[in-house]
Amino acid sequence: MILLLFIIPILTALSIWVTQNRKIINILNITGAFLLLAVSLYLTGEVMKNGVLTTGYLYNIFYFDSFSAVILFVTSVIGFLVALYSTGYINEEFRRNIVNINKTRVYFSLLHAFILTMLLTITTQNMGLMWISIEATTLASAFLVGFYNHKKSIEAAWKYIIICSVGIAFALLGIILLYYSSVQSMGKTVEGINWQFLYENAASLKGSILKISFMFILVGFGTKVGLAPMHTWLPDAHSQAPSPISALLSGVLLNTAMYGIARVMAIVNKSLNSNLFTGRLLLILGIISIGTAAVFILVQHDFKRTLAYSSIEHMGIIALGFGLLTPLSIFGALYHIINHAFTKSMLFIASGNVYLKYETKRINKVHGLIWSMPVTGIVFLMGIFAITGMPPFSVFSSELSIITASFGEGHYVIAALLLLFLVLIFAGFITRLLGMFYGKPQEKEVRQGELNYTGPAVLITLLAIITVTGLYLPVPLRTLLSAAGEIISGGVK
Amino acid sequence: MLNRYLFMILQLTIIILLAPLVNGIIKKIKATAQHRKGAPVLQLYFDIYKLFKKDMVVSGNSSWIFRATPYIYFASIITAALLIPVIPRLSSFSMAGDAILAIYLLALGRFFIVLSGLDTGSTFGGMGSSREMMISTLIEPSIIVAIFTIGLNPSVASTSFKAIYSGSIQLGAGIIHPVYMLLLAAMFIVLIAETSRIPVDDPATHLELTMVHEAMVLEYSGRYLAIILLSSSIKQLLFITMIVNIFLPFGNNFDFGAGFVLSLLFYVLKVVIVTVTVASIELGSVKLRLFSVPNLAALAFILSMLGFMSGFVFGR
Amino acid sequence: MDRLMDVLNLLSILILISAFILVANKRMNSYIKTFRLQSIFLAVIAAIFSLYHIFEEGRLEGVIVIFFLIVSLKVVYIPNKLKTITKKVDYKVEKDFFVNIPISVIICCGLVIMTWYVISRVTDINDAYNSRFLIYSISVILIGLFFMISRKKAIGQIIGFLVIENGMFMAAMLTTSGMPMIVELGIFFDLLTAVLIMGVFVFRINESFESIDINKLRNLKG
C-alpha cells in the first residue's frame, strides 16, 4: 500500500511527459493528485488505528508512524489543492502566451516528481535515503523555481541550488557521523542506518559523536528549513517561483526538512537522556529566525517576498516549539506545522491570482483588490490576519500553545522576545499590505471579476479549513498529534 | 686530530670540485631535450678558469661592499659547506654548528650579494635585489619548519646534521612516510627558489626585466664573477646534498677503506638523480610571474606545516 | 592491516594536498585538472578497499561498484562536461579575488588546525587512525566550502561543491568502510544530477548576464 504512494506520482509524471494535449495533461494532473490524496488519507487512517506501519522490503526501508502521518496528511492535501489550482494558473498563462505547451509539460511532470520526492522523505526510515530524497527535492524544484527565464528567476534558482546543495552536503556529513557512531557501538549491521534501529539502541551510542552529528544535521537541514542565518535563498526562491510552486515550497517542503531535524533530535535526546543540548540550539536558531524575519518584513516592497519572510518566521516558531521540548510545546509545534501549511498555501495561491491580474509583484502598484477580485481579495485579507496570529484562525491556537509552554517553563526572556517579534510582524504586515485592498484600481486595464473557477474554489476551501480547525480540533487529529509528540521527545519528560 | 683536518679538506675538495658539474648536467639535459647539442658538461669549469684570467671593470660609484662581497659570499658558503657533510662519516665540524647555522650562513652571503646589487646604483641591480629579498623572505619559513620537524623526531632530538643523518639512516625504508614525503616536496620547492631555477627565476634569460639573481650580479666581471659563479653552484650543491642525505639515506654509512669510496660513489649517484629531477622540473614548467611566486611560497609553507602537523600533532 | 592503514593515510594526505593545490590555482583548466587528480586518489582508495575485501574475505563487496562509479563519473564524465562548459565562456583565468591566493592558502591551513582542535575535543573517537581520517575529510570539506565562497566565477562554485562531495566520500569510506550500497548509489546519482543542473544554469547565466561573474547577480536584495 505504501508503494502506491510512489507509483502514482511516477506514473502521472511520466504520462504527462509524453502527451502533448493540454486537456489530457490537465485531466492526468488532477486524477493523479486526487488518487494520491485518497491513498494518503487511507494510510493516515491505518496508522491511527494500528500504530506503526512497516513493510519488509529492502531491510525495512519504509516506516510509517504517527509523525509521518501528520506530515503526509499535510503534504497530500496541499498537493491536491495546488495541483487543482495549477490547472487554472497555467491555463491563464497559456492563454497569454507566457508559457507554451512544452513548458506546460515540464511544469506538470516536475510538479509530480517534486511531490514524489517529498513523499519519499517522509516515509523512509533509512537516514541515507532520507538525505537522498531531500537533495532530490532541491533538484526537482530547481527548474520550477527558475521557470520563467528572467534574470531574477535565474539568479533566484542559482542561489537556491548552490545554498541548498551545500547545506545538504553538511547534513550528509552529519548522517555519516551518525552511521559511524552506530558502527562503532554496534558493529556493521545491515540495519545500522535505519531510524528505528538507532532509536531503540540510542542508549548505547556515544554521546559526543552524536552531538557533532546533530550540529551538522541541524545546520544542513536547517538550510532547507530556512532558519536564519541560512535563510538567504528563501525570499528569492519563494518569490520568483510561480505561485502554486511557492505554495508547495513554503507549505510543504519546509515541513519535510523540519521532519528530518526532528527525527535526528529524537535519537539524540534519547541517547543523551536530556533535552538541554538540542533544545538550546533549536531555541537560539528559532529566535534568530523570527527576529530576522521581523526586521525584514518591515521594509518590504514585494508582497510575495513578504510572504516568504513570514515563512521564515513561522519556521522559527516551529523550531522554538521543538526546542522547548515540553509536551505542550511539541504539540503546539506540530499543530503549527499543519496550520502554517494551510494558511501559507492559501496566501500564496491568492497572491498568484493577484499576480495574474495585475502582472506585478510590487505592493505599491496593486490597488483595489476587493473591488476587482472579491473572493481573492477577501481571502487574502483574512489570510493576512490569519498568518499574523489573529483568532479565530488556527495559527492563533498553535502560537498560543507555544507561548504558554514557554512561559510555563520559565523562559521569560524568550517569550518576551517572541511576543515582541510577533507584534513587529503584525505591524509590518498591516502597514505594508493593507493598502492593496481598498479603493479602486488606479491602472486602467484591470477589469473586474475573478480569473477562473479553480482559484476561488481552492481558496474558499482553505479558508474554511483554517477557520474550522482554529475553533475546534477534531479528536482523531488531536490523538495523532499527541502520539507524534511522544515520539519526538524521545520519552524524556 | 689529523683525521679531523683530513676530513675537512676532503669535504671541501669534493664539494668545490663537484659543484660546477651539477650546473653542466642540468644545462646538458635541457639542451638534449630541446634537440640541441648544447655546451659540454664541463663548461662551467672552463668558464671559471677563463674568467680568472680576464680583466675586471669596476664601477667608480661603488664602495668597498662591491669589492668585498665576492669574497664574503664565498667564505660564508664554504663555512656552510663545512657544516653539511656529504657523507655522515665526514661530519667532523658539527660541534661548531647545526642546520640552523648553515641556513643562516647562506642567508649572510645572500645579504651581501643583495647589498652589492644596490651598491653600483644601477636600476637593474636594485630591482634584482628587491625581488631576491622578497622571494627569500617568503621561502624561509618553509625550510625552517621542515628542519624543525625533522629535528623533532624522537630518535633525532637535535638539529645538528650528524644527528639528522643518523636518524634518517635509522629509519631506512621508513622514510617513505607521509610526513617525510611532504617535507621532501617542501624542500624541493625551497631548492628551486633558493637556486633560482625555473619556475621561480630563469637562469638562462638575457632579458634584464625577468632576472632575479642574474640582475644582482650583472655588474661583476673577471675574477669577481668567477668567484660568484663558483659560490652559487656550491650553494646549489649544498641544498642538493641536504635533500639527498636527509631523504635518501641509502648506502651512506660504510666504514673506512673501500667502503668509504663506495659511499662517496653512492653520494655522487644520488646527486645526479636529484639533478636530473630538477632538470625535468625545469623542462616541464614555465617561469612564474613575479607576483605569482608568493602562491608557490605559500604552497611550500603549507606542505611543510602539514608535514609537521600530521607527524606530531594529529593523532595525539 | 597496519600497512593498509599506512597506505590509506598516505592517500588521504594526498587528497588534502590536492585540495590545497586547488586553492592555489587561478586558471579554470587547472581547477578541472586538480579535481580530476583528487578523484583519481579517491578511486585508488575505493580500489584498495575492494581488493582488500576480495583477497582477505574472498567476496565481492559493493565497494567495487563505487570504484567504477567514481572512475566513470568523477574522473571521466564530469571533468569533460565542465571543460565543454568552460569552452563557451570567455574568462579562462580569474583576475580579481576577494582574498588573494597566499592568504587564502594560509586560511585553509587555519581551517585544518581548527578541525583538528574540534575533533580532539570529541572524546569518543578511540582509534588514532580514525580521528586522523576524520580530520582530513572534514578539512577537505571545509576547504571546498572556502573555495566556493572565495571565487567569483560560477565554475569555481561548481568545483567547490564537487570537492565537498569528494570529502564526503572520503569520510564515508575511510571511517565506516562504506555505507550501505543503496545509500552510496543514491548519493552518487544525486550529485551527478546536481552537477548537470548546475551546468545548465551556468549556461543560462552566461546567456542572460553575458558573463559568469557571480557578483553581477545582485538584483534581488532586501
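Which chain is which? They are A, B and C, in the order written, and residues in each are numbered from 1.
One rule holds for everything that comes next: contacts are C-beta pairs under 8 Å (C-beta built on N, C-alpha and C of every residue); 3 or more make two chains touch, one makes a residue touch a chain.
Computed from a predicted structure; not experimentally measured.
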item	value
Chain closest to the middle, measuring from C-alpha centroids that were averaged per chain	C
Highest-count interface - the chain pair sharing the most C-beta contacts	A-C
Taking each chain's C-alpha mean as its centre, the one farthest from chain C	B
Gap in Å, rounded to a whole number, between the CA centres of chain C and chain B	37
Euclidean distance of C-alpha centroids - chain A vs chain C, Å	31
Computed distance of Cα centres, chain B from chain A, in Å	66
Sites on chain C at which at least two other chains make contact	none
Chain A contact footprint on chain C (complex, rising order)	118, 121-125, 138, 141, 145, 148, 154, 157, 161, 164-165, 168, 171-172, 175-177, 179-180, 182-183, 186-187, 190, 193-194, 197-198, 201, 204-205, 208-209, 217, 219-220, 222
Complex interface listing, chain C residues touching chain B	6, 9-10, 13, 16-17, 20-21, 24, 101-102, 105-106, 108-109, 112-113, 116, 120, 128-129, 131-132, 135
Residue ranges of chain B touching chain C (in the complex, touch as defined)	177-178, 181-182, 294-299, 301-303, 305-306, 309-310, 313-316
Contact footprint of chain C on chain A as seen in their complex	58, 61, 126, 128-129, 131-132, 135-136, 138-139, 142-143, 146, 149-152, 154-159, 161-162, 165-166, 169-170, 172-173, 176, 179-181, 183-184, 188, 190, 192-193, 206-209, 212, 235-236, 239-240, 296, 299-301, 305
